[in-house]
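Can you keep this structure in mind? I'll have questions shortly.
Order of writing sets the chain letters: A, B and C. Residues in each chain are counted from 1.
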Amino acid sequence: MASNPQTLTLAQQGAKLGRWMTLPTQLLLVFIFAFPGLMIIYVSLSWWGPLEGVPWYYAYESLNWFENYIYLFEDERLWGSIWRTLLIMLVVVPVEFFLGLGLAILFVDNFTGKRVFYSILLMPMMIVPAVAGYMFYILFQSNGPVNQLLSLITGFEIDILWLSETDNAFVAIMIADIWQWTPLMFLILLAGLLGVPEDQLKAATLLGANWGQKFLRIALPKMRIVMIIALVIRAVEAFKLFDVMYVMTKGGPGVATETISVYVYKVTFMELEWSYVSAIGFAILMFLTALGAIGIIILSNAQKKRLANVVD
Amino acid sequence: MMAGNRISFEVMRYTFIIAALAIFLIPIVWMTTLAFKPVAEWTTAISEITWLPKNPTLGNFEFIFTGQTDELIITMPNTATMPIIASLVIASLGTLIAVVVGTLGAYGVSRFQVGNNLPLSVLQLRLFPPMAVMIPVMMMWSYLALVDTFWGLSLIYGIVTLPFSFWLMKTFFDEVPREIEEAALVEGCSQWRVFYRVTLPMVKAPLATTVLFVFILNWSDYVIALLLTRKDWVTIPVYMNSLNSAMTGEMYGSKAAIGLIAAIPPVVLGIIIQKHLVRGLTFGALKQ
Amino acid sequence: MSSIELTNLTKRFGDLVAVNNMDLEIKDKEFVALLGPSGCGKTTTMNMIAGIELPSDGHVSFDGNDITNTPMGKRGVGFVFQNYAIFIHMTVYKNLAFGLEVSGTPRGEIDQKVDDMAKLMRLTRQLDWPAERLSVNELQRLAIGRSAIVRPNIFLLDEPLSNLDAAFRAEMRTELKHLQHELEQTMVYVTHDQLEAMSMADRIAIMDMGILQQYGSPIDVYNRPENSFVARFIGAPSMNLLDGRIVGTNGSTKLDFGDIGNLTPDGNDPLAQACQNAQNSNVLFGVRPEDLKIQPSGSSDQVLSVKVTFIELIGPRSIIHVEGGGHQLKVVSDNQETIEIGTPVGIAPTGRTHLFDADSGQRVE
């Protein structure tokens, strides 16, 4: 396009500047993906660990190919931690979703005190997670206020061992997670509800729809994307769960409440089996990447289908 | 009939909201009051539990800042001063890295159709649990002598929060009408000057929001600091959870005091950027 | 089947009075336009009829039954929103069927009614399309059909044509009027476009600043505006209103416009009577540009002397802007003679004239 080959067109100039501007991001990504990625694969194919007394690049000396990956399938503690992570995810995410949705519905129209209530409701998610973990750690002490409140309500002397009995510890951790992240669901879903076009709700009312019909037929379908975003974000974060749990139970009693993150942390620092941890890490990365790719394919297919529908 | 419905709905609304508020506030209140309780009230029999301190004291704060207090026989060599400085320095520097790199990258992607896969790759950073990649990162960090240094931790914070700054700024840039920039270009401004002098000033407020949001995230980290610091640059959450004494066991009140200090900044900043939280938490996908 | 009555209807938003003590009666099957500039309270009035907003004072009745406190959705009112408020996540069929489905109508009956309505609205081919694929005119027909299918007795339309381009608007005006006949319903139509109101409505209610200014047939409001606001608002180009004073005494009153001269009304002209009634007061003299004629300059008691300042050509006619003695007027001319800018000319009323009190703005007759 350029009449003069010496000068760059605006678009070429832009592309050049664009490459420079994205360079730092690219570099950081390469820095954090490429080298650790290669290293994790390399080390995971050996027996190498920090106690070997040789630097990691000598890992080829103890090359074992896929032994670590094979062991991965036999490791009951790993699968236990995966199962527990999923269990926590499957409980807390829906509970947070419905509690958040319920609260959001109450906050759609205006009422006295709305702003203050809103600010307070958001507080839990702004608390540093490790501190939130500590809050629940002290609440759930056997001589702590939770037992006291339960005693007051029931009239019996209650001294449940919340954190040192497996099932109770699970419940305590889930309660802590629900406490901290229901506000996030509330926040996102409220934004979704407020985004439902008011005219369409009025139109539905004028056509005789009652509250439930409006909610189910107008609001929910319009919030589909918002709900998916909220659920995905929470599911991803719940999968990573570490801070609250580590502070509250350190995965205990024993290994009873270990999630994947806590398990990996322990194998890293207590058993020092770094090559095995690398194998686990790499497997998780592959699994999540595959999951992400599937998600993106589904999304873009849905997009294409919609476009096709519109063009037709 | 209708008025009756209205009133019963309002009663229900306030009942639910106040119940939720009570539940949401219990843990915060309990830790706050614990921070002001003397040692004798840290752990008691259930029947003697009180929600407000009987003898309020600042001893817990005194202890974490000076290393001693009249109430405790032990002294502590590591006071909370350094961890607080460490948290401030590292979270700020990490925020600076994330926001500068993210803003540049976001503008490049938003305007010049370069780096098509970049947005998704950046997002992937947030998908992976830090634990899964921590071994190589720790090895790399120790190889580069970055462990337990403020720049080392700042760097990884900058990387970990890059998805937020990148995506947030990208959606903000996408919203700036191009016509304004084109007008400046037609007048002969270079592309870089247009970015620096025209576009950036227009996104001043969103940029400030992004800074505060990323700062909250960095301030709130526990796991990365746990892995990449040892003693010189431990941050507040790591410091807090190391506060145990062999002699007296758990330092309940002192931990509550430092916990309170850790909790306040994000809550305050969070309330300041309340309107934009949805946007931040959903990587810019949703607005309120 | 349904008449509407508004009595003392008032809506306040804080200190702002959006609708002030409004009385209006709309007959069964009548097509009434609520016309006024933006912010005049016309939409608020309609929202109160629909129940979207509750009045601060006063009553709304349908067929003599007070429905002021009946919630919206229970009033049997069809409402077409300015942006149509189509449920774009549904198909055209689902949109049409919505009102029937929520009331639990049997499936077979729904199918039948949707088919009929689709035919009437010429949407049969599009029934299975997602509503987001429709063009603007289809969206509008769908919006009307969706409201009409539940057979409301009253139909309210909020500026339904404002999203359309000019050419298409003309087409839709005809179509709407036609539909109203077909549906046989009382229609209230909010608009700020006088052309829409004049061409479709049986009666026009003109509002300004929350107050009903005049209520009458299009001819009525055009020929006999009740105050200076209506005079200025109706008609394009708008009516000339000249500040003047009535001087003289019984039998020989004339209108004095200062430097540009004065007019002595003919004895048979209704203006003479009006001048008689407003002796020695300041008035606004109204005359439509179409009712003025350019004459050779000269001083007569029937001609005002002014200068041509600007000529606007609009097809076969031109609007001649003239000025004199601080007054500015427009004259519609049929291009019979050539006039040049800057030439002094005379202008004389040739048709209907109006007189308004300078202080109250009310018509004087």
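Just so we're on the same page, a contact is a pair of C-beta atoms (placed from the backbone, for glycine too) under 8 Å apart; a residue touches a chain by one contact, two chains touch by 3 or more.
Everything numeric here is computed off the predicted structure, so don't read it as measured data.
S.K.: Using the touch definition from the top, how many steps at minimum link chain A to chain C?
M.R.: The least step count works out to 1.
S.K.: Which chain's mean C-alpha position is the greatest distance from chain A's?
M.R.: C
S.K.: Please find the two chains that have the most C-beta pairs touching each other.
M.R.: Among the chain pairs, A-B has the highest number of C-beta contacts.
S.K.: Roughly how many whole angstrom separate the Cα centroids of chain B and chain C?
M.R.: For chain B versus chain C, the centre distance works out to 58 Å.
S.K.: Distance-wise, how many Å sit between the C-alpha centres of chain A and chain B, to the nearest whole number?
M.R.: 16
S.K.: What does chain C use to touch chain A in their complex?
M.R.: Spelled out, the residues of chain C in touch with chain A are 50, 52, 72-74, 77-79, 81, 83, 85-87, 89-90, 98-99, 102-103, 130, 132-133, 146-147, 150.
S.K.: Using the touch definition up top, name the residues of chain A that touch chain C in the complex.
M.R.: Within the complex, chain A contacts chain C at residues 197, 199-200, 202-210, 213, 217-218, 221-222, 309-310, 312.
S.K.: In their complex, what parts of chain A are in touch with chain B?
M.R.: 10, 13-15, 17-22, 24-26, 28-29, 31-33, 35-37, 39-40, 43, 56, 102-103, 106, 111, 117-124, 126-132, 134-136, 138-139, 141, 143-145, 147-148, 151, 157, 159, 179, 183-184, 187-188, 190-192, 194-195, 226, 229-230, 233, 236, 239-240, 242-243, 246-247, 260-261, 264-265, 268, 274, 277-278, 280-282, 284-285, 288-289, 292, 296
S.K.: Considering only the defined contacts, which chain B positions touch chain A in the complex?
M.R.: Interface residues on chain B, with respect to chain A: 10, 13, 16-17, 20-21, 23-28, 30-31, 34, 43-46, 49, 51, 100-102, 104-105, 107-109, 111-115, 118, 120-122, 124-137, 139-140, 158-159, 162, 166, 185, 190-192, 195, 216, 219-220, 222-223, 236-237, 240-241, 252, 255-256, 259, 262-263, 266-267, 269-271, 274, 277-278, 281-282, 285-288.
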